[in-house]
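Note sheet for the following structure.
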Amino acid sequence: MTTPVLSVRDLVVEFPTRHGPLTAISGVSFDLAAGEILGVVGESGAGKSLTGSAIIGLLDPPGRVVSGEIWLQGVRIDQLRGEDMRVLRGRQVGMVFQDPLTSLNPLYTIAQQLIETIRAHLKVSASDARKRAIKLLDDVGIPAASRRIDDYPHQFSGGMRQRVVIALALSAEPALVIADEPTTALDVSVQAQIIEVLKEQCTQRGASIMLITHDMGVIAEAADRVAVMYAGRIAEIGPVKDIIQNALHPYTAGLMGSIPSLTQEENRLVQIPGAMPRLADMPSGCAFHPRCERVFEHCKRHRPELISVGTHEVSCWLYKEAGGEATTP
Amino acid sequence: MSQVVTFLTSEFFYKFRRSPVAVVAFIVALLMAIAAIFAPLLATQNPFDPGSLNLMNGFSIPGEPNQFTGETFVLGTDDQGRDVYSTILYGLRISLFVGFSAVMFAMILGATLGLVAGYTGGRIDSIIMRIADIQLTFPAILVALLIFGIAKGITPPSYRDEVAIWVLIIAIGLSDWVQFARVVRGATLVERNKEYVQAARLIGRKPMGIMIKHILPNTLGPVLVIATISLALAIIAEATLSFLGVGAPPTQPSLGTLIRVGQGFLFSGEYWILLYPAATLLVLALSVNLLGDWLRDALNPKLK
Amino acid sequence: MNAPDTKPLIQVSQLTREFDVSKPWLNRLLEREPKQFLRAVDNVHFTINKGETLALVGESGSGKSTIAKMLVGLLEPSVGSIVFDGQAMRTDTSADMQALRKRFQMIFQSPYASLNPRWKVGKVIAEPMTMLAVELSARQIQRRVDELLALVGLSAPDADKFPHEFSGGQRQRIAIARALSASPEFIVCDEPTSALDVSVQAQILNLMRDLQDKLGLTYLFISHDLSVVRHMANRIGVLYLGALVEIADSKTLFTHPVHPYTRMLLDAVPDLSMSGRERKRVEGEIPNPINPPAGCTFHPRCPFANSRCKSEVPQLKTYGTGVASCHAVEEGRID
């Protein structure tokens, strides 16, 4: 079995406050194989963006990684600081964020930004770098790339800008691309285009993608596997089709049911009562238990760990290792 | 009661408790305010009542018994036999009264104009802002001097001393309103586009109602910060004007006037007539200023 | 959903709104530039029947928010009229307009910006009553606030709290309570769940439907999310760059879309049921609304465009139970 591109083990992220530390991510573990697209889906407050930030070392202080291991292409990176992290970030990990306006420096042309990044991580001459940059823009679908490369970010439309951001993320030929809500700020008709570009270009270059979003539709289109996060932990992880059609964790099932269908008439949407708990008011045991229809006593006191059930991994007391329903009291 | 409890356990009060600068500055400012309010009770005499003075007490050295009358004055006396400690207390009163009133005046005038300018927009906004810009090209002190001069010209001489304090307040207030107007206008422009304002318009609320009931409460945060720092500046402005002789008159002297009077005696050795009022002014202005600075940082959500 | 009445409650005709987006006079003088206008809403017609939910769907620049504002008297139309139960909608605060205002309300997109952060929740909910239902006593208002809080799934003590003490979903419930307080018949919902998480959205949408059944409300539901609109609406209008390109029954629109833009939009929506349906690649992006393409504004992106489309603006024509404005459909060039 080849080494996964990214391997996260028991990641814990805390925010110290005057009332004591708040645990924002409490024990997240997953692998991302080479060439795979892993979706990380969750509602606001679930900790999905934080997971992405923690992996590339861009946590906003005072947040910090308290424990856990992060391995990138077989090398441990969670202990890296400063300059080492910066080099790594550009070369091995590319990033695509939600807002293309803040990802691109408005004062420099696209050419300048692309070439700077390319030359910072690859040993090529200036003219070679420019050629590479033009090819990149062409690949992501910018028409008349050789002319438009000298434009400024504000001269591009929203969708075009996001394509440029993808080009920038891929310019140093990274092994991993972390995309955090890459289509949320775009119109529906453009979202589909951007997802397609992201998928195509990363697959072509052999880069894996960690796709973080709240939009299950985007995951359905783009991802191979999906991790569903709830209150700082992974509730369920598995192949996209399996998760959508046969969710095991009650939260995942509720989530899928609450999304209105494009193809069927429904009278009522599935409704999960309550809301995701605040970090300061985390319930004991399983964080989802106050909202769960199938809760029983054990759930209130003990926190479930991720176990394999068929093609999924679930953290829920309803299930037992090696498939099948658990012997619930 | 529960509101007090809520305040004491709030984030704001926690930050306050943890900042030694803020706590000390607040206590000092508070003590001075109390001293000013209770001046008649705390002073040993009313230094501006000529009948209670004894010329023989003049130039007493601080802490030492007077060579003629044997009375001891903790901070000494001036040329007329006025107890410096008492004059400081009364002077503090005037300084704080003028400072507060000037800031109140500037705040009310500036906030009103800023609110109207921001909400109405268009011509009225342009006119108000141009007036503000023009005023900013003149140094505040000059504006105050100008107003003072005009007031002096139109007031009969016998009333001048009485009216001086009010003219001072108006002068300093008029030189200071612009920053309030700008801040309130900025906040108004932001709030005006928010949906709660649209919701209010939707039910037919008139612009005046929206400005006062909806927008104004949301502009008060930054106003509070500016008001505190303005207070320190107003106190110093008043002292400057009084020092220049166009402020509080000797019959109702502020700390600035006392400094002016004391300056004449500095080189003849009676340093205490200048030193103590000056030190008081310094401490007062510094503590209010530090408090204002801390408040600005504490209320700034981006610095978290 | 209830079967709606056939008497139109709202009639919108020739609704147009232009904005002057010219540079300041001095700049125009020095740069020799003409005035520039943005036509946000272009000659829109529709009716809404009592008891039904009409949805307006569109992407950015479609004009849906502008239409919403005009429908509730927050904005004056440049051309055209809005008639509410026989009475013309205006933006002034005269006595007859105030009487009309009691009958409609709006729910906004942002649960954070739509409630005044300095007002207590009870005051927020009571405001429409204090402004429009002046005959109520303070006691009656207080009681009604408690009723409304219960109706939207909150509780009476919540009236003394401030908005920031509530989550996004709860705030939107407060906004709904406010919208209902003066007992309106018609509510414009401008993207009411776009800022909410999916599971919270489900709660709010269910609540809105329950309230509609219970109180006989009429909704104009504005959204960019087609699956939400399918769930909520009887009829759907599709907007592109300020113009209505198609109106159809909810079911018909999704099974047999007529206009090429509608088809493209449906193709672009991700398929959660993973049915593996055949999807066409989406072309281009929305053009700059200040300088829209000539003729049919959709023609640069349309696979069926011909020379007529580039010069002549299509009119709304009836097809089956709906309407659409497309030359290709009219000429029978598409099925």
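Read from first to last, the chains carry the letters A, B and C; within each, the first residue is number 1.
Note that in this section a residue touches a chain if its C-beta (ideal position, glycine included) is under 8 Å from a C-beta of that chain, and two chains touch if they have at least 3 such contacts.
In this text, all values refer to a predicted model and were calculated from it rather than measured experimentally.
Participant: Weigh B-C against A-C on C-beta contact pairs and write down the one with more.
Facilitator: Ranking B-C and A-C by C-beta contacts puts A-C first.
Participant: What is the chain whose Cα centroid lies farthest from the Cα centroid of chain C?
Facilitator: The most distant chain relative to chain C turns out to be B.
Participant: Roughly how far is chain A from chain B, centre to centre by C-alpha average, rounded to an integer in Å?
Facilitator: 55
Participant: Starting from the mean Cα coordinates of chain B and chain C, work out the distance between those two points in Å.
Facilitator: Each chain reduced to its C-alpha mean, chain B and chain C end up 52 Å apart.
Participant: Could you grab the centroid distance between chain A and chain C? Build each centroid from C-alpha atoms only and quote it in angstrom.
Facilitator: Chain centroid spacing, chain A to chain C, equals 32 Å.
Participant: Which residues of chain B touch chain C once you look at their complex with the stated criterion?
Facilitator: Residues of chain B touching chain C: 194-196, 198-206, 214, 217-218.
Participant: Which of the residues in chain A come into contact with chain C in the complex?
Facilitator: 43-44, 157-160, 187-193, 196, 214-218, 220-221, 240-241, 244-245, 254-263, 265-266, 268-273, 275-276
Participant: Can you tell me which positions in chain C touch chain B when the two form their complex?
Facilitator: Where chain C meets chain B, its residues are 69, 72-74, 93, 97-98, 101, 105-106, 108-110, 113-119, 127-128, 131-132, 178, 182.
Participant: Flag every residue of chain C that touches chain A in the complex, lowest number first.
Facilitator: The contact residues of chain C facing chain A are 59-60, 167-170, 197-203, 205-206, 209, 224-228, 230-231, 251, 254, 264-275, 281-282, 285-286.
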